[in-house]
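Some structures to go through are shown next.
Each of the next two complexes has chain A plus one other chain: chain B in the first, chain C in the second.
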Partner chain A sequence: MATTPTRTLTHRPGIIRRARRNRIAYAFIAPAVLMMLLVHVIPSVQGIYMSLLDLRQATLRQYLGAPSVGLEHYQDIITGFFSGRGGANIRGLSQATRNALWFTIWLNVGTIGLGLVLALLLNRKFRGRGLARTLILLPWVVPSFVAGLIWRFVWLQRGGLANQILVDWLGIVDQPIRWLLLENTRWALLIPAIWRSVPFTALLLLAGLQVIPQDLYEAARVDGANAWHRFRYITLPLLKPSLAITLMFGIVFNLFGFGPFNIATSMFGSTNHGKYAELVVPAIARQTFSNQLYGYGAAASVLVMTLAMVFVILWYRVFRDTLRAE
Partner chain B sequence: MGGSKAFVPAAWKLTGAQGSSEVTAAPWFVDVRALAYRKDVFQKAGVDPKQAFKDLKSFEAALQKVKDANPDVAPFVHPGRNDWNVWQNASQFVWNYGGDILNKDNTQAAFNSDKSVDGVHQLTSFYGKGLTAPDTLELNSAEAEARFGNGEAASIIASSYLISQARSPKDQGGWQSDEARNNLAFAEFPAGPGGQYTFVGGSQLGIFNDCPQPEVAVKFVQYLTSNESQARYASNIGMLPAREEAQKAEAFNDPLYQPFKAGSQKGKAAPAIVEWGGIENAFQTELQGLWEEVAASEGEPIDRETVKQRLDAAAETVNGLLGQ
Partner chain C sequence: MTTPFTNSTLARPGSSATRRNLQQGITNRLLDLLLIVLVFLMIAPLIFMVVSSFKTGREFVNPTGFFPEQWQFGNYREMWRRANFGLYFRNSLIVCSVTTVVATFFAALTGYALTRFRFPGSDLYGLSVLGTQLIPGTLFFIPLYLTFVWIRTTFGLPLIGTNLGGIVLYIGFFIPVSLWILRGFFAAIPVDLEEQAMVDGATRFQAFWHVVMPLAAPGIVSTAIYIFLTAWDELFFASILRVKTLPFGLLLFSGVQSSQTRYDLIMAGAVVSTIPVILLFLLLQRRLVEGLTAGAVK
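Moving on to the complex of A and B:
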């Protein structure tokens, strides 16, 4: 005799009923969602659409009705980057992208390296630790415009502190170095940027160090682990979530953001930071708004946005387990 | 308000978009450029200022003599790439060599013409010829002026507010060098093969279309463009009044103002077209790049071809902006 399959009938509430049940939660998140739509999603969609238009000063009155150029802006930027050809803007943008990659790598190496050393030192018990923890925050609280001016006086060819140390005091070089010109501008920007970023990184890593249980170190000592082993097998793995966050901020802020824009502007005295020190997002902003090339600027921004999203996805895949464990 | 004849010609040209007879602004004050120099330093070099500033060729020859006679004073200090006067300084050389920023009908860049290139080439070659301070390329206009005020420069490109700086007491931000104070003199920007022109900037007054009280705004603009108000305001900020009659006020009787007054009659300004913002940026960006090339060619004057390439690159962008 054929049997009829039995179905377990569980009661699943409908969408409307579920929405009703969670209406307070939806009401709470509604303003945030609305704001995200207004200030993020709609402008992003509009930006993507603008990137397909020949929108510049001459066609600005037409705004979104400006003539379409399809993917021309994207093609120009991408082929310009790989071939080294194209107009002055395209070449400038390609150079700024290379600058940003170089800058981001070294900034993260310097910031995380020094930040970790400082965090480890400040995590030890010593007299005046509270004062030291406050003092290391100083570079972080100095307004970026002021920081740029201070560093300008460090780098000046004549009378600058750096050259005084290198030429007059140490005698390492014969002639003053032109820090504010040509390739040297890379270092003139990188060093202040590290100087300014280290306190925040150290603070973040210090917070990470403080939640590592001390009994792990005690057990390791009993087992005969030396200082390096304790650092390698306890501190570093347990600090990985903090390091992951620091790395993401360092890359997103500098490779896909304005980075040390204000420091550079006051230090160099111009919003054009030069061939070797201009990073990619400041270059896009300058070219877009000063040259009034809005379609081209939108395309460049969309490319940067896409790369940033790809990076964040990759970052999350790499550190997913670490962050979940946290 | 008196119309075109009442104001400095270059300022009046900026009262409306080029090619339009409609007046949409009123001139307020003008920022006229000249060359500031040290009488004592030039005298020591045996250089007659009248001859030295006659034209750009004699100016360069005078700088060489000043350099030979005064090893401790830089003959000429000018700002480099990081400044707010990058294109303004270069344009004076462009105009005086017979070039221009744009062509006559403002449809194409002209700053890359042969004459323009010659002008920019002369300015950018001073560094390689050793006629400037060794660190001149990293200075801005204010720092160049400070060098002059400290007695370390024999000549700089100057604006009229330098007069009040020189007159201010030392403890109120005035110049520190008595030699510089006592030997300050100005000369009109030297002529070139294409004529004698000076950069004239400044400010214009306008009223927005949606101004809630247009009658009151008009009265205020009329007051700001009156002789008395222009003379007082311009003398306070160290500039010249845009109204020519106001330049006869007592505040401007100081003979040091004379080259600026004369220069205002030979003034040129940026073309008043809506695309100017983008053009200025493109021109300025490549000039900044050019100053980097100058820095890279330390010890020898930059070659003309490099100047041409940079200006061509700027022209390509500008022509794109102008729809060419």
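Moving on to the complex of A and C:
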């Protein structure tokens, strides 16, 4: 898409004229631009500036006039992450980052794995297919704060559905498990998150499966390919664009968004999600609030945003050809 | 017709046709069974939610079985009263409906302009809209709060702790993704029709409103549902701006600090919070599914 220098040169004198000719286009986008400026752009620019300031409860009245600390917050966070030292906040943030990486990896493995199985099962001809698809989509429609509440009671040590099934009905486990305690909270958060992400993933993958031409399978069958080969050499390669998009959603929304935050907050009943279940964005939100470290929180957010951008660029490089081949 | 899994035995030469059919039948039944188990696992927590909301608080910790001993229909009335649920429910309905209408309209205008014009800044704008999705909310929530406070003191617009604040915030939040969903729909609509309309004397806006919007209806509907569902679920910024919507209200009611141990009432609140979005989904799911997957498959 890069324009050559000569083209830019020949176009430059026309820019104002072109802008004037497109007045109507600017009128059409104006409301959206204004809202974006108000809600995203202006506050984010201030946020980036805040990350260079010593902005705490004591200095909040000065706001952007607070004393500057340069890149100190960034330095503290980065060195803290790699050396394992630093204050309680820095250590908490490093721990939350590791939690988030663990969480994101398993979430995507679980979601894409289960989603693919469901999509393949739904992509057959059988009676009640529409009903099955509707039922499977329901967990995605349920608000995530409701999901958190449901799972709070599924995980109850006494009387929770999980322990009832494991101990009383199946008898796999002798003692009721304390799901909302220490390391177990990792799983207590991961499983509801997978439960809520699978439906949409299955839907996207199903849509991807439905456009694969059936005669490819027929031809492969005639050539003697078995089920695994047909899956490996036809389904998987042709599903790659859908898988790429699913992976993108799965990582960006869960690592950098508030979906898991809502689940965890209503599941634990507070914004403190504990050492093992706290992810990066919730950790920054909590520290910013409860310790009133506004400059530090902004710096941590900028680092998270940088990570997100690096990730998107990497993702694009890896899947560029896949997405274009369509 | 059949996926790779369904008749794995077909490819094996030498087996008789009847045996093959039998094996295929068995495989299919097994796959059906697997699907049933998975569907059950997906909806089991929802059944659990509905059933539990009719239990007594004591039955949560001393369960006698999956179903309540006596169905406590009074839970709902009590929850509604004690959680001040009517207020939060009404606020959520107002905030989400107004947001949905306005944000869809703004996103449609913008998506249309981006597909019909190539103006200076159009590429940059399209990209920066996507870029906003990578900004973590924790970066800008304090400046946003202070900006809203500033608007309140300067222009007298009450944006803190009011539905108006929530509406303004969410319109801004949900335009970017909606814009990208809609853009694909507008791109697929041929320009001839609106050009014809404009030759006949319609303005650009009239052509957009009367010709293009009806054609884009499936996209409009799925975008609107997407916005409504997402707005219904927003918790973090609602609590910052103290917008009294359901997620915030239910968090207050069920939070540890409120030492709320009436699990039955919390579950009743969860059920009622889910009903509107489930209804919306069941009514419009065909459109929604078509709309959301259209962009992904092309």
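The rule we apply is simple: the second predicted complex is superposed on the first by the 281 of 326 C-alpha atoms of A that agree within 3 Å, B and C clash if a C-alpha of one lies under 4 Å from a C-alpha of the other, contacts with A are read in each partner's own complex, and residues count from 1 in each chain.
Operating definition for what follows: a contact is a pair of C-beta atoms (placed from the backbone, for glycine too) under 8 Å apart; a residue touches a chain by one contact, two chains touch by 3 or more.
Computed from a predicted model, the values in this text were never measured in an experiment.
Within the superposed three-chain model, A:Asn89 lies in touch with chain B and out of touch with chain C [touch as defined at top]. In the superposed model, A:Ser290 lies in contact with chain B only, and not with chain C. When the two structures are aligned on the shared chain, A:Val302 is found in touch with chain C, with no touch to chain B. Once chain A of one complex is fitted onto chain A of the other, the partner contacts of A:Gln57 are limited to chain B, with no touch recorded for chain C.
Put simply, more of the residues of chain A are touched by C, taking chain B and chain C as the two choices.
Contacts of A:Val252 after superposition on the shared chain: chain C is touched, whereas chain B is not. Legend: residue contacts after superposition of the two complexes on their common chain; A:Ser270 is shown touching both chain B and chain C. Look at A:Arg158: by the touch rule set out above, it reaches both chain B and chain C.
In the superposition on chain A, A:Arg178 contacts chain B only, with no contact to chain C.
Within chain A, the residues touching chain B in one complex and chain C in the other are 156, 158, 268-270.
Contact residues of chain A toward chain B in the complex are 56-58, 87-89, 92, 156-158, 176, 178, 180-182, 268-270, 272, 274-275, 286, 290-293.
Chain contact summary for the complex, chain B toward chain A: residues 80-83, 133-135, 137-138, 140, 274-275, 277-278, 280-282, 284-286, 288-289, 292, 295-296, 313-314, 316-317, 320-321, 323. Residues of chain C that touch chain A in their complex: 1-8, 10-13, 28, 31-32, 34-35, 38-39, 42-46, 48-49, 52, 59-63, 66, 106-107, 109-110, 112-114, 116-117, 119-120, 122, 125, 128-129, 132-144, 146-147, 168-169, 171-173, 175-176, 179, 204, 208, 229, 232-236, 246-247, 250-251, 254-257, 263, 266-267, 269-270, 273-274, 277-278, 281-282, 285, 289, 292-293, 296-298. Interface of chain A with chain C (complex): residues 15, 18-19, 22, 24-26, 28-29, 31-33, 35-36, 38-44, 46-48, 50, 63, 114, 117-118, 120-126, 132-139, 141-147, 149-151, 153-154, 156, 158-159, 161, 164, 195, 198-199, 203-204, 206-211, 214, 217, 221, 224-228, 230-231, 234-235, 242, 245, 252, 256, 258, 261-262, 265-266, 268-270, 281, 284-285, 288, 294, 297-298, 300-302, 304-305, 308-309, 312, 326.
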